[in-house]
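This report concerns only the one structure given below.
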Amino acid sequence: MDGSWLLWALLAFPAAAALGCLAARTARLALLVASAAGASWALLAAAVAVAAIFGEPVSAGAGWLYLDALSGFHLGVLGLVFGAGSLYAWGYFRRELAAGQFAAGAARRFGALWSGSAAAMALVLASNNLGLMWVGVEATTLLTAFLICAHVNPLSLEAMWKYLVVCSVGVAFAFVGTLLVAASARGLGVEPAETLLWTRLAGSAGRLDPAAMKLAFVFLVVGYGTKAGLAPMHSWLPDAHSQAPAPVSALFSGFMLSAALYCVMRCLPLVEGATGNAGWGRSLLVALGLVSVLAAAAFTVFQTDGKRLLAYSSVEHLGVIALGLGLGGLGAFAALWHTLNHSISKSLAFFSVGRLGQLHGTHDLEKLGGALRRSPVWGAGLLGAMLALIGVAPFAIFMSEFQVLRAAAEAGEADPWQYLTMALFLLGLGIVFVGVLRQAIAVAWGGPAEGDKEADGADGGRERPALVDALLVFGGLALVLLLGLWLPAPLSEAIGRAAAILGGRP
Amino acid sequence: MELNWRPLIPPAAAFLLSPLLLGVINRTKALFAGRRGQPLLQLYFDIFKLLRKGATYSRTTTWVFRAGPVVGLAAVMAALALVPLGGLAATMPFAGDLLLFAYLLCLMRFFTVLAALDTGSAFEGMGASREVLFSALAEPALFLALAALARHSGSLSLSGMISGVGPGSWLTQGPALALVAAALGVVVLAENARIPVDDPNTHLELTMIHEVMVLDHGGPDLAFILYGSALKLWALLALLAGLVVPVRTGSAAADAAAAVGGMLLLAVGIGIVESSMARLRMTRVPKLLVGALALAALALVLVLRGGGRP
Amino acid sequence: MNGSLPIEAVLVLLVITDLLLLGSSRFRTCIRVVAVQGLALGLLPVLLHGAEAPARAWGLAGASMLLKGAVFPLLLLRVLRDTGARREVEPYVGYTLSILGGVGALVFSLWVGSRLELPGTALTGSSLMVPAGLATLLIGLFLIASRRNALSQVLGYIVVENGIYTFGVALVGGVPMLVELGVLMDAFVAVFIMSIAAYHISREFDHIEVDRLDRLRG
């Protein structure tokens, strides 16, 4: 295989960067290495993604590593989020370095884990073996756990512990599911070493044992769904997101959740093939998606902590993606597109709220009031991202949610019950819209509480933003807006190819 | 007409040899403690001595107090008619006699408890309450263990169950039988007031269970009680020995000898347990008994599942 | 069925150690019981293949026994010593009720095991394997949910892993070697990280009782 070295490079580069961070002498150097390596790795990931989507699927390591359009598309999203996050992390932690709040040891640890988590997520995407994919997901849990408490304090430790226990146990369920997949493949008569290769399974999905595959899918959805923060299993998510440093929150919401859902996507064609494409697995995803959207909607209404609000919004959006997947057809396309849109908007939102929090010492939305006046760049970023996230019209999320709605309507023609799905989906979106819009207006134009004005001045509330910050914010906003107005043909083609793997159509 | 004496061997052995078991236990304990200990036949001497004495009765007690030891002894003697000795069937085996067996032991306990309550003493009431609580927990374990054996041998009488256990069954159903034996072992210790549950030698009323209930009995009544306890120990140990010493030669003498030998070994085992363990705290005892219950349940499950297979 | 007897013995030991865990109140006992469980489970792949076990089965057995029988217990005992955690496990649910719950879980698992028509389970050892694995999984989850100490949750996690391991051996008789090693590696790192986390928590809070970690809500 000519392109196989690309996959190895993709995995080896962040691992090397992690070692580099560990060897760095000062905190500053460690962060610089992590940031620069992250940004350049993003370019590599983008290149590999393009090669995988538009060329032949890339494969390496005796078929154990494999990158097709679906994983390539996700790799592109990962590159985008991780590159932006690395650039942002440098700016974010630079202030703390200057204030002496970030010791060299902590910085080395952060840099190494940050780079290492990129390798783990890339492994999830690049592995063709379902077992190896599981190993990758578990590795992301373990590597990112200490990222949550980059600043060790009681609250972050509490969040980290919950994350560690809930996700480890949840993902253990996914392993049971993986074993059941292997059991259902007994009848295929493949070599034991190849039992779990996705390409082998997908090629003969119709001959998998249906009963075992159904059970497997339930375990897989519960397991990976926990990691993806789908609703009944989302308990760790708001805590972890609110306590992690902003770049880490952005990486969590922007990609780690999607990576877990990607694992479900991989298994969806298998269960659908085994059960004769009767929509059994899809209906499970529809139900979970709806529950997530509605539960998240209920929680967003009364949420005043900015990062928790965004965390619940992630539950909602992952629910939308699951719903789109479940509806199938047009929905699969919409779900993938929504993955991209959500990743961009949510990373941007976390970047903004993180910096605002740093400047004003709080993430409470009421106390951040008037952010647009006090720090124009980040205030604009937060307002824009929040508007995009609730689906205000020209932004891309509006378009992808509209596509999900269309998919529901289409499904409703075949099965009238799907109109109920559509109605509940609209209800959830409506609640989120009203609830978050109220907060967004208060944050952007409201006045800060009386007592906070002096504190504001003391902390240099009107800091001059750096060029790279402005680029991140306005570039991100422009991207979300642009994608909403005009979907470029190559991107549409890429999403279409990825959706075709899920049995969808553009 | 020739008398068939074989069915009479198990109860006869029990009546004659049961006090010996306690002697063996006490000798073992003495050995571990580095003492010479009392003679093996001490309990025989005690019983004869007590039988020759008169009894005193408190004015507050009624006929219930006097009936307690007699009914207790009668119940356990009747129960022994149902207990096999190794491969030797019992005197009167019938399908379902395990229920009668359990309820005769229950009757014995019931009258002991009534007699204890009849004295109106606070200590004896306390002992009675504990006895009832622990036996309520031990009984399900006994029943589940017997049910597992019944399922294994396909027989509903104690004799059928025990004779159904041969060397072959340990090879096919080893884990399940080991679990049954463990559960029965705990039941034996609990039912006979042995050490992890109760200390037969304690002199502190607050920690007593069984001993405190019989404090007010004397003379022949106490002799009946001591003899009854020995018989009860024999009855339960006979079941356990039948299970763990699966010698089934068909010759009455050899089988009986093997079973009695097994019981003596088990008595030594009890002595070792008593020497090496401390009595459990009262609040921990239910945990032990529920543990035995769990083991018996697990055994039953294993046997049930195994029964479905060829 | 003579060959399956050692396997059954291991499985019975597995269930008994589960019940012991539910019933014992001391951390040291619990850690030792988990170690015994790990050692017993390590034998499974070898027993399954009989005398002509391939080298990889031996390798896996060795790695798993070393990890679960020696490394985990030593690590946890060290954490126990360094954090000065209380020596009692302090469950929400009483020990007696826990044991009964464990029996309930076992019966439920047997029922599920008998209902479940999995392809190929007849090939691997004993029909008790799936129920025993499932029961261990459930009891592990129960341990995590019902104990208020961080260390108990780590123990519960190991028990869940053991259950899945049994389940896996029953279902497929072994997934590819690399995956097995990856899983073991993950379990190791997870336990390691959880121990470090528990250590941090004890330093920051002066206790490792997770029910008192309740400041994040809403």
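Labels A, B and C are assigned to the chains in the order they are written; within every chain, residues are numbered from 1.
In this section, a contact is a pair of C-beta atoms (placed from the backbone, for glycine too) under 8 Å apart; a residue touches a chain by one contact, two chains touch by 3 or more.
These figures come from a predicted structure and were not determined experimentally.
Enquirer: Have a look at which chains touch which and call the overall pattern line, ring, star, complete or other.
Expert: If you draw each chain as a dot and join those that touch, you get an open line.
Enquirer: Grab the C-alpha centre of each chain and report whichever is closest to the global C-alpha centre.
Expert: C
Enquirer: With chain centres taken as the means of their Cα atoms, state the distance from chain A to chain C in Å.
Expert: The separation of the two C-alpha centroids amounts to 31 Å.
Enquirer: Distance from the CA centroid of chain A to that of chain B, rounded to the nearest Å?
Expert: The answer is 66 Å.
Enquirer: If you average the CA atoms of chain B and of chain C, how far apart do the two points sit, in angstrom?
Expert: It comes to 37 Å between the two C-alpha centres.
Enquirer: What parts of chain A, by residue number, touch at least two of the other chains?
Expert: Counting only residues that touch two or more other chains, chain A contributes none.
Enquirer: Which residues of chain C touch chain A once you look at their complex with the stated criterion?
Expert: Within the complex, chain C touches chain A at residues 116-121, 137, 141, 144, 150, 153, 157, 160-161, 164, 167-168, 171-172, 174-179, 182-183, 185-186, 189-190, 193-194, 197, 200-201, 204-205, 210, 213, 215-216, 218.
Enquirer: Can you list the residues on chain A that touch chain C in the complex?
Expert: My answer: residues 64, 129, 131-132, 134-135, 138-139, 141-142, 145-146, 149, 152-155, 157-162, 164-165, 168-169, 172, 175-176, 178-180, 182-184, 186-187, 192-193, 195-196, 209, 211-212, 215, 238-239, 242-243, 299, 302-303, 305, 308.
Enquirer: Sort out for me which residues of chain C touch chain B in the complex.
Expert: 1-2, 5, 8-9, 11-12, 15-16, 19-20, 23, 95-96, 99-100, 102-103, 106-107, 110, 127-128
Enquirer: Inside the complex, what are the residues of chain B that reach chain C?
Expert: Residue list for chain B touching chain C: 171-172, 174-176, 178-179, 286-287, 290-291, 293-295, 297-298, 301-302, 305, 309.
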